[in-house]
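What follows is chain A paired twice: with chain B in the first complex and chain C in the second.
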Partner chain A sequence: MRDRLIFTAQLLFTLLVAAFLVVPVVLSISAGVTVNYFRGISSGVTLQWVFQVFDLYADTILLSFLIAFATLAVTLLVGVPAAYALHVRGGLLSRIVEEIITLPLAIPGLAIALALLISYGGFGGFRRSWLFILVGHVVFTMPFMVRSVMAVFSTIDIKTLDEGAASLGAPPWRRFLDIIVPNAMPGILAGALMVVTLSLGEFNLTWMLHTPLTKTLPVGLADSYASMRLEVASAYTLIFFIMIVPLLVAMQFFADRGQKA
Partner chain B sequence: MNAIVGHGASVHIEACAKTFADGTLALAPATLDIARGETLVLLGPSGCGKTTMLRIIAGLEQPDAGGRVLFDGVDITAVPIEQRNVGMVFQSYALFPNMSVAENIGYGLKIRGVARAERAARVAELVALTNITGLEDRRIDQLSGGQRQRVALARAVAIRPGILLLDEPLTALDAALRDRLRGELNRLLRSLGITTIYVTHDQAEAMELGDRIVVMRKGAIVQIGTPREIYFKPQSRFVAEFVGAANIVEAPVADGRLMLPGGVLPLAEGDTHPAAVAMIRPETIAIVAAEGAALTGTIDSISFIGDRQRVIVGGASDKPLTIDAPNTVAVTIGDRVGLSVAPDAIRLLPEHD
Partner chain C sequence: MSHRSFIWICLLPLVAVTAAFFLLPMARLVLLGAQGPHGLAGYLAILFEPRYRATLINTMVLASVTTAATLAIATVSGIFLQRHRFPGRAVLVAMLTFPLAFPGVVIGFLIILLAGRQGLIGGISSHLIGEKLVFAYSIQGLFLGYLYFSIPRVILTIMAAAQKLDPGLEEAARSLGAGPWAVQRDVVLPALGPAFVASGAIAFATAMGAFGTAFTLATNIDVLPMLIYTEFTLAANFSTAAALSVGLGLISWAMLALARSLSGGTVAATG
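After this line comes the complex of A and B, so read on.
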């Protein structure tokens, strides 16, 4: 009897918390398809705001994905070998490098952006291109990739596996591709998931670094909240959701499969 | 079966020492020759530098300046492991979890650019040789310890290595399996006829597998010899006690006899030190009638082991003597017995160490 009571209370609490989190999402999305938010859903359902967002902000959506996947590519190409090198070398120097890579986690995005602007703001072409934002995103997401790959390395004896492959005649690059990468896959996938998610949703740093021609989705969203009808901004959120949720589900799916393999 | 591997290379190690970055001297300068086709066992307690020596031969560790490693007379000290054509079995096996059993065994051949069909044939040959038929498509985490050990061996042998290096390949297994695989491994290594260097801290393994045994202690080689030489003619107290059971007796010598508290034991001709540390193996002491015996003592304890009985006799020597007697000898605790030892079964050792 007492157990039942405790269970019911826990269930209620969980549902309440979930509702607290879900309700704003539902409201926001529904606002995006209402004719007039202040009159409520009774004013009618429409897709006009969604189309308007597409007209105004289609390029920000494209740019966001471009930057997210470019960030992923860079963090993979640099982060995975870096994680391997840091793990194998060990020692004080590796610890220091690891800490430096991790630093952007603790530093506010605004500060990173400011530093980038002070250092490279003078290079006009670079400053105006989306590559400038890419650099910011890489700095910000790199620790997630490096850390999650290193976490896998610490659970398997990667050094001995590498030596095993070497004894069979494999040169270093071959060992990296045949042995290191496949065995680090769970960490790489988990890292990739974080990198893409963080890059797509990143606002602080991007807001500082963007130009009118290099807006990403979250920056565009802020823009529309500030200058458009609430319905437009909500429709924007809706689009964000529709694009990112399937992507995340797909990546999670692959990450899980990688984990099992 | 002669096509499985060639006869391999000869190995010459010259003045190879190893000091690690933290200052640990893991290996004092060691010089060693290993003949083509020979099985050499590196034997010694934990931390004595066996793995370090093996890794220097493999190319996973560089010797300190001045050390050289030669395969078939060619200096390969600076050649990385992937170009040395050595087969290596690691203590943890180092099997690739991302590959099936067959892919593991075939990996070295794939690296060498061997065509798929030829590779498959070679893998099948090794699967049969190492008795793992039916497991080819398994993942590594679906194998038992003994099966992993076989896959690791098959993988190392598949590349027709010049030298096969094994670092305690049986240590991770339980005792019964270890005994069985030891015999199997012995037959396999003999049939392959390949130059093999085998690291172990288990003297029974060393005896069974080695053509010669290198006994190591604290980073130094203390004795090199055939299993019989190491067992019957240890050159130090350390070797005598590390390899097999040994009674170490400290006593003065007079008239070519060992003067013990319980009597005397005649020594072989030429053993004329004034005082001695002597080794007597338990199985070389015979229990005889007390009357007329040159050495007598009292039975302290008897443990029946099955194929023999272990008898502890007090009062004969400075310390109680351990005797392995046939299981048919009738003895009782408290009996006064005579002991006899053939003179050439008593081995005098240097006092020190």
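After this line comes the complex of A and C, so read on.
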């Protein structure tokens, strides 16, 4: 009897917490497709706000995708070979490099953005282009790629594979492409999903680094929250959810598979 | 090409990118912090200038309260979900963890929908007590936002830690005559200690440094990230902004280093 009571109380509490997290999302989605949020859903369902967002902010959505995939390309090209080198080399130097590239996770984005601004803000052409934002996103997401790939290396015997191929006469770069990269694929995929998701949602750095001509989706979101009617802001948020949820589901899928494997 | 030089070529791009776009800029930020009218003492302003100190205290109180509340909530729900299997449990876990990747700006907006001028809470309260409760644009709203941000992370950590607990210990305590509260207090909670420290540090560092949520809710909430932002953009007080953000960076780095040494995993403060 008492166990039953405790169980029910805990369940109710947990449901309440879940409601706190889910209800605002439901409100946001419904506000994005409601004719007049103040009058409620009875005023009708519409896609006019979604279209209005595309009219106003289509460029921010495109730029966000451009930056996310450019960030992914850079973190792949730079991060995957580096993860291999750090794993194979080992030792104190590798530890230090790993520590340093992980620092951007611990330092608030605002501080990194200020550091970039005071160092490179004077280079007008660079400052005004989207590459400036790209640099910030690369610094912020790189540790996720490197660590995700290194985590895979630590579970497989990369040295034996590498030496086996070497004994057959394959040069280092061939071994890297034909042996190392395919074996690291689960880590590369997990890292890639993380990098794209984080880049699409990054705001703290981007808000400081953007210019009126280089607005990303989260910057546009902040802009719409401050200046647009609630329905437009909600429709914009809805578009963001639609972009981000498949990535989250894919990430969860990989995480589950990784746990079972 | 030897294997050794290939390894160096693999590492070189990362070293170059990190040096040029992280180490060098951060070094300049640290230097700039000491280049204000007060020189190196600019770094002490965060502690001794009354206005900055008030903001620092405000931010730390908010972060502590957020951490305590998140830990309490996540412990009750996390242990519950780990102990019981019932229909719909998987859905409940998914609901509690999916906001993990929401950026701070979006969470700010969700809080506005909940407690803002046209918010749900205001609507309900004006029906019930005839008064519209609106608190999204204040420090209470920010508290709610950080709670939203931290609950998913902390619940995941607590669930993982609770899974590793040995049920035999609890049974032993029960067979020795301990009541359910005593078992929780003397066996379960102490065993979860490292998980509390690790996830609590993440929640604390996030609540110290998160900028997006505060920015969405109101620009005049008196917390450290907003102070840095206004010093930099509105007051153009670059050296103070630099000193304050170096201080903020040190605090959150120290918290997360502590968390990592106790949990052994990678932790990140974003938002």
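The working rule: the second predicted complex is superposed on the first by the 225 of 261 C-alpha atoms of A that agree within 3 Å, B and C clash if a C-alpha of one lies under 4 Å from a C-alpha of the other, contacts with A are read in each partner's own complex, and residues count from 1 in each chain.
Quick note on the criterion: contacts are C-beta pairs under 8 Å (C-beta built on N, C-alpha and C of every residue); 3 or more make two chains touch, one makes a residue touch a chain.
Note that the structure is a prediction, hence the values are computed from the model and not measured.
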Quick check on the chain A-based superposition: chain B and chain C, clash or fit?
fit
If you stack the two complexes on chain A, which partner ends up touching A:A250: first (chain B), second (chain C), both, or neither?
neither
For A:V138 in the superposed arrangement: first (chain B), second (chain C), both or neither?
second
For A:F240, select first, second, both or neither according to whether it touches chain B, chain C, the two together, or no partner.
second
Looking at A:A82 after the superposition, I want to know if it touches chain B, chain C, both of them or none. Which is it: first, second, both, neither?
second
First, second, both or neither for A:D157, with chain B first and chain C second
first
Per the contact definition in the header, classify A:A165: touching chain B only (first), chain C only (second), both, or neither.
first
Between chain B and chain C, which one contacts more residues of chain A in the superposed model?
C
After lining up the shared chain so the two structures overlap, which partner does A:V97 touch, if you call chain B first and chain C second: first, second, both or neither?
second
Considering only the touch criterion stated at the top, classify A:S28 as touching first (chain B), second (chain C), both, or neither.
second
Who does A:N183 touch here: chain B (first), chain C (second), both, or neither?
first
Taking CA centres after the superposition, what's the angle at chain A between the directions to chain B and chain C, given in steps of 10 degrees?
100
Shortest Cα gap between chain B and chain C in the overlay, whole Å, is 7
Which positions of chain A sit in both the chain B and the chain C interface?
166, 171
Touching chain C in the complex: which residues of chain A?
2, 6-7, 10-11, 13-15, 17-18, 20-25, 27-28, 31, 37-38, 74, 77-79, 81-82, 84-86, 88-89, 97, 100-112, 114-116, 118-120, 135, 138-139, 142-143, 146-147, 166, 171-173, 176, 197-198, 201-204, 207-208, 218, 221-222, 225-226, 230, 233-234, 237, 240, 244-245, 247-248, 251
Going by the contact rule at the top, pick out the chain C residues touching chain A in the complex.
1-3, 6-11, 13-15, 17-18, 21-26, 28-29, 32, 73, 76-77, 80-81, 84, 86, 92, 95-96, 98-106, 108-114, 118, 120, 147-148, 151-152, 180, 205, 208-212, 215-216, 225, 228-229, 232, 238, 241-242, 245-246, 248-249, 252-253, 256-257, 266-271
Taking the touch rule as given, give the residues of chain B at its contact with chain A in the complex, in rising order.
58, 60, 80-83, 85-88, 90, 92, 94-98, 107-108, 111-112, 155-156, 159, 165
Residue positions on chain A within touch of chain B in the complex are 156-157, 160-161, 163-171, 174, 178-179, 182-183, 185, 261
